[in-house]
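Heads up, there are several structures right after this.
Two complexes follow with subunit A in common, the first pairing it with subunit B and the second with subunit C.
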Partner chain A sequence: MAGSRTSCSPSADPKVEKTDEVVTTGVLASLQNFLRKCLIAVLSYGPMPKHIAFIMDGNRRYAKFRSIQQGAGHRVGFSALIASLMYCYEMGVKYITVYAFSIDNFKRDPSEVQSLMELMEEKINELLDNRSVINKINCKINFWGNLDLLCEPVRLAAQKLMASTAGNTGLVFSVCMPYNSTSEIVNAVNEVCAERREMLQIEHAGDCNGYAANNGVHSEISVADLDRHMYSAGCPDPDIVIRTSGETRLSNFLLWQTTFSHLQNPDPLWPEFSFRHLVWAILQYQRAYPYLEQSRNLAKKQM
Partner chain B sequence: MKSVFSLCVQMSRPSIILKFILGLLWGIIHLAISLFNLWSLLIYNIECYLISSGLLWKYRDLHLDRLKYLAIVVASKEAKNNMKIRQLLCWLSTIGVKYVCLYDIEGILKKSFEPAMNGLRDGKAGEYLDIGASVNYSHCGHKEMVIEWLSGSDGKEGIAKAANLLCSTYFSENTHGNGKREPTFTEADMASALKAVGCGGPEPDLLLMYGPARCHLGFPAWRLRYTEIMHMGPLKSMKYGAIVKALYNFSKKYQNYGKLGFQL
Partner chain C sequence: MLSNFLSRTIHRTRLPDYRLQAGTDAAVAPPDALAQSGIRPESLPRHVAVVPDGNRRWAQARGLLTPDGHEVGRRALEHTMEVDYLMGMIERTIRENVDEYERRENGIRVHVIGDPSRWPESLQKTAREAEEKTRNNSKLHLMLATCYSGRWELVQACRALAHKVQGNLLRPEDIDESMLAGELQTSAAAGEFSCPDLVIRTSGEQRLSNFLLWQSAYSELYFTDTLWPDFGEAEYLQALSSFQSRERRFGQRTA
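Take a look at the complex of A and B:
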């Protein structure tokens, strides 16, 4: 942890930013880069997570404490997200999932919902226009959730971004919006049911007697069937779930996928979440890793 | 600087020395964390001792009115420790908790406790809480407490069972129309299907996790939405003061959307 603090301190020091000597800043920046890479190299000696999920909590509180506009809090939160994404990429974490907007968030003040939607539309369009970030990390972006609940421009932008990054093979970045876990499960049940109906219809068409067999023909719906129809299909379960601002509940986020995930609740608000917090989270995960792995293997054996 | 580093990595990647140094540094970092953890554990233990001896005033007066239902998740290895579980239940009933749900993924608790409690089964309490397996527990001679035992099979498998029920209802309703209507189940349908297959039940307000890591181990998803999850450390070193502290912290929580908050 001490190492992580020293590696971050140059960026946290406001004096450095103020200095006019470009050379000094350049040297400091590359020194900071070097230290960060060293630290990541040390960290990678232990088991590294493949998938980290974030509940980005605390943007509004951040705005309140800093006495800035609520919307500005969300904007700082977005920069924190991009920074975390880049750090995770450097650490070799392949999957990142974030809880951007809960279905329950629609109950918030309409003006806040509106400004959040505008922010999302703006940021998605920015990503669509300026593809350097996406191309650099060859990032595939997914949107998990009931997109029909979004207003038209945001939905179209999200679908466009998904389609344009679908072929990328690097980091997989999943944005849960508007999402909650119970609706994901119900959606999976609906899809499994529709799939079964189609199978039945094909069988029915092939059967000249028209014998409607709705029982016994197909096996029972299994957990694996539901797994296949979750938004997260094809993506490993998260190794770490980080909820910032010290809150201890999951708030209906990935309940199905987090059976053996290490749940962490660090104190900083989401806009304050930085590299050292991420390093600390991974160190904590490495300590819990033997137990989590053992439980996972035990469960697999019993299946 | 960057190129020097990459050169350094490239050159010595196969070398054992670099790996050794990385391993050493990694070990030192984790050793430092262990020492730090040891120190904070000491502080925590002193605090728990002070709480259980009643020396800290703020913990004396616990408000449990918001805690309707408490869940305890125990790691598989520790679930075999019957004595500790009994002790834990005893403490909870002393504190005044009314409804408790005990969970472990393999169902060890269910197997070892349910048969013993069969004689005490109380139908009324079960009906009130919509739970299949519940008993009244007054072992310690304190106030009565309703207990429910859950295992991993009540989680994802329960949802799969409910999905089967929903699907078969859908097919039986749509056989004549050749099933043209898309299945559109809602969360409420799912909740009632879960209840019908015996996997329903109230959502705990607080979940205490006993085990080496903070991890819910597959606690039924439908009952975990807004539950506060608190990690209590290994069961073998459980403390009365720690439970009091957790309940106190819970009573200070505020939620935007869950049962604890005011709906916006």
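Take a look at the complex of A and C:
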């Protein structure tokens, strides 16, 4: 973020003191930018992840520790999300996926669910109205999940945002809401079964030997078939999955896609997750990379 | 490579046999080690899954492997020999221990899950016999995952359901989570306890490698740097202690 640069002489006038503060802030911000770019350049000598997934845990605890309202915790969490998105973009990460809302979360207190839905609708509409962030990173936004479970205003806003960014070719930002990996897998199984039934009906219509066609089609269902019907079709598997606030579980997030993902559980709560935590995450990934690659290659050979 | 293959093919799950049940007179007293380490017996995991990773690195560290193995051809041959060796080892282990498992006081029931078409004939036979011999035991279930993959397991379940759809026994839109879960191999073996409460992976590798993919949706994951041959009772108690310190919410909130 570039600040303003003005030259001035120090005096007791509060206005001038404030300008001093702005100058200092501006200079510090520029220095921060420069250092950040240097650090990113150094990091880039090693293998960089193409896809990072985040489980944004800890907003409510953050609010509790700071004695602010729960809703405010989620808002700070949203700011942390946008900041992380921009840092990832600077680092050349092409795909970001976040676990924004689980289907299980509907079981929470209705007032919390309501305030979360309102926040999401507000933020989606903000992104639709003010496209500077999206345009800067040429961002394509996906919503992965069972959108039918959302109330109409949120669903319509989400669909509108997806449609308006569908042609963008930069960073791919996938928001999982409302999402469960097990639901995603069941949905893929439904679609594969329906697809096979349709293929069989077409074959049967043109071929009298229905029994033989049945056997042939049935035995061909493969990992690739289910892959094609996942919400994440076309997107590479995450290289890193980061769950903040120290919890070590996936909570039904991307179970199908995270076979070789490096799982990390840093202690900071999501609103506290910052650039240095992201750098540390990538350093850990780079350390584990040789072994991850070996496992991936071995798995590919055995398929 | 051995540890990598081992982690993909040999996974053991175990139900602890010393869980206290409220209101049951026949409750078993917890071992002293549990009491001494401050582990609460009333909240032990019912199903523990283990990825025993790190055997090769352990051997390498002790100079038990030949240092030279860089040629691609030699590595490929080593891999095949390694697979054959592992299959033989699994078969021997089952055969040597099944009599002990069979004895009533041990009450251990053996299940072998995975893709049987990839097992040698002799292992298929040994596995079937072990499962048959221990069929009536119910104190502790030992599941050995051999040539297992979570994705493969789901594809098998999908094929079974597609078969039913094509036989007009079921419509695609009727398929839900419990139906799909019911088609998984672990469901046949462990029923309602299919989902591990705790998944332990040794040797510092922080990933799931396709193990119990569906079943570990809400499992607590415990990663330790200890290599598998060094993972003993003390390390297991540490894992249990870590498990008990966690707050499991299943997507909801505690009050």
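A few points about this structure:
Following the convention adopted for this analysis, the second predicted complex is superposed on the first by the 270 of 303 C-alpha atoms of A that agree within 3 Å, B and C clash if a C-alpha of one lies under 4 Å from a C-alpha of the other, contacts with A are read in each partner's own complex, and residues count from 1 in each chain.
Note that in this section a contact is a pair of C-beta atoms (placed from the backbone, for glycine too) under 8 Å apart; a residue touches a chain by one contact, two chains touch by 3 or more.
All values reported here derive from a predicted model rather than from experimental measurement.
Once both complexes are superposed on subunit A, the partners subunit B and subunit C clash. In the superposed model, A:T97 makes contact with neither subunit B nor subunit C.
Looking at the shared chain after the overlay, A:F34 reaches subunit B, while subunit C stays out of its contact range.
Set against each other, subunit B and subunit C touch different numbers of residues in subunit A, with B touching more.
By the touch criterion stated above, A:V42 is placed in contact with subunit B alone, subunit C being left untouched. Of the two partner chains placed by superposition, A:S84 touches none, neither subunit B nor subunit C. In the superposition on chain A, contact is made by A:R287 with subunit B only, not with subunit C.
Of all the stretches 5-13, 41-49 or 59-67 given for subunit B, the clashing one with respect to subunit C is 59-67. Common to the subunit B and subunit C interfaces on subunit A are residues 102, 104, 107-109, 180-183, 185-186, 189-190, 192-194, 196-197, 200, 214, 221-223, 225-226, 248-252, 255-256, 258-264, 288, 291-292, 295, 298-299. By the touch criterion stated above, subunit A contacts subunit C in their complex at residues 60, 102-105, 107-109, 112, 180-183, 185-186, 189-194, 196-197, 200, 214, 217-219, 221-223, 225-226, 247-252, 255-256, 258-264, 288, 291-292, 294-295, 298-299. In the complex of the two chains, the subunit B residues touching subunit A come out as 1-2, 4-5, 9, 19, 22-23, 25-26, 29-30, 32-33, 36, 75-76, 105-106, 152, 155-157, 159-160, 162-164, 166-168, 170-172, 174-175, 178-179, 182-187, 189-190, 211-218, 221-222, 224-230, 253, 255-258, 263-264.
By the touch criterion given at the top, residues 1-3, 27, 30-31, 33-34, 37-38, 41-46, 102, 104, 107-109, 180-183, 185-186, 189-190, 192-194, 196-197, 200-201, 204, 212, 214-215, 220-223, 225-226, 248-252, 255-256, 258-264, 283, 286-288, 291-292, 295, 298-299, 302 of subunit A touch subunit B in their complex.
Those residues of subunit C that touch subunit A in the shared complex are 1, 4-5, 150-152, 154-155, 157-159, 161-163, 165-166, 172-173, 175-177, 180, 205-210, 213-214, 216-223, 246, 248, 250-253.
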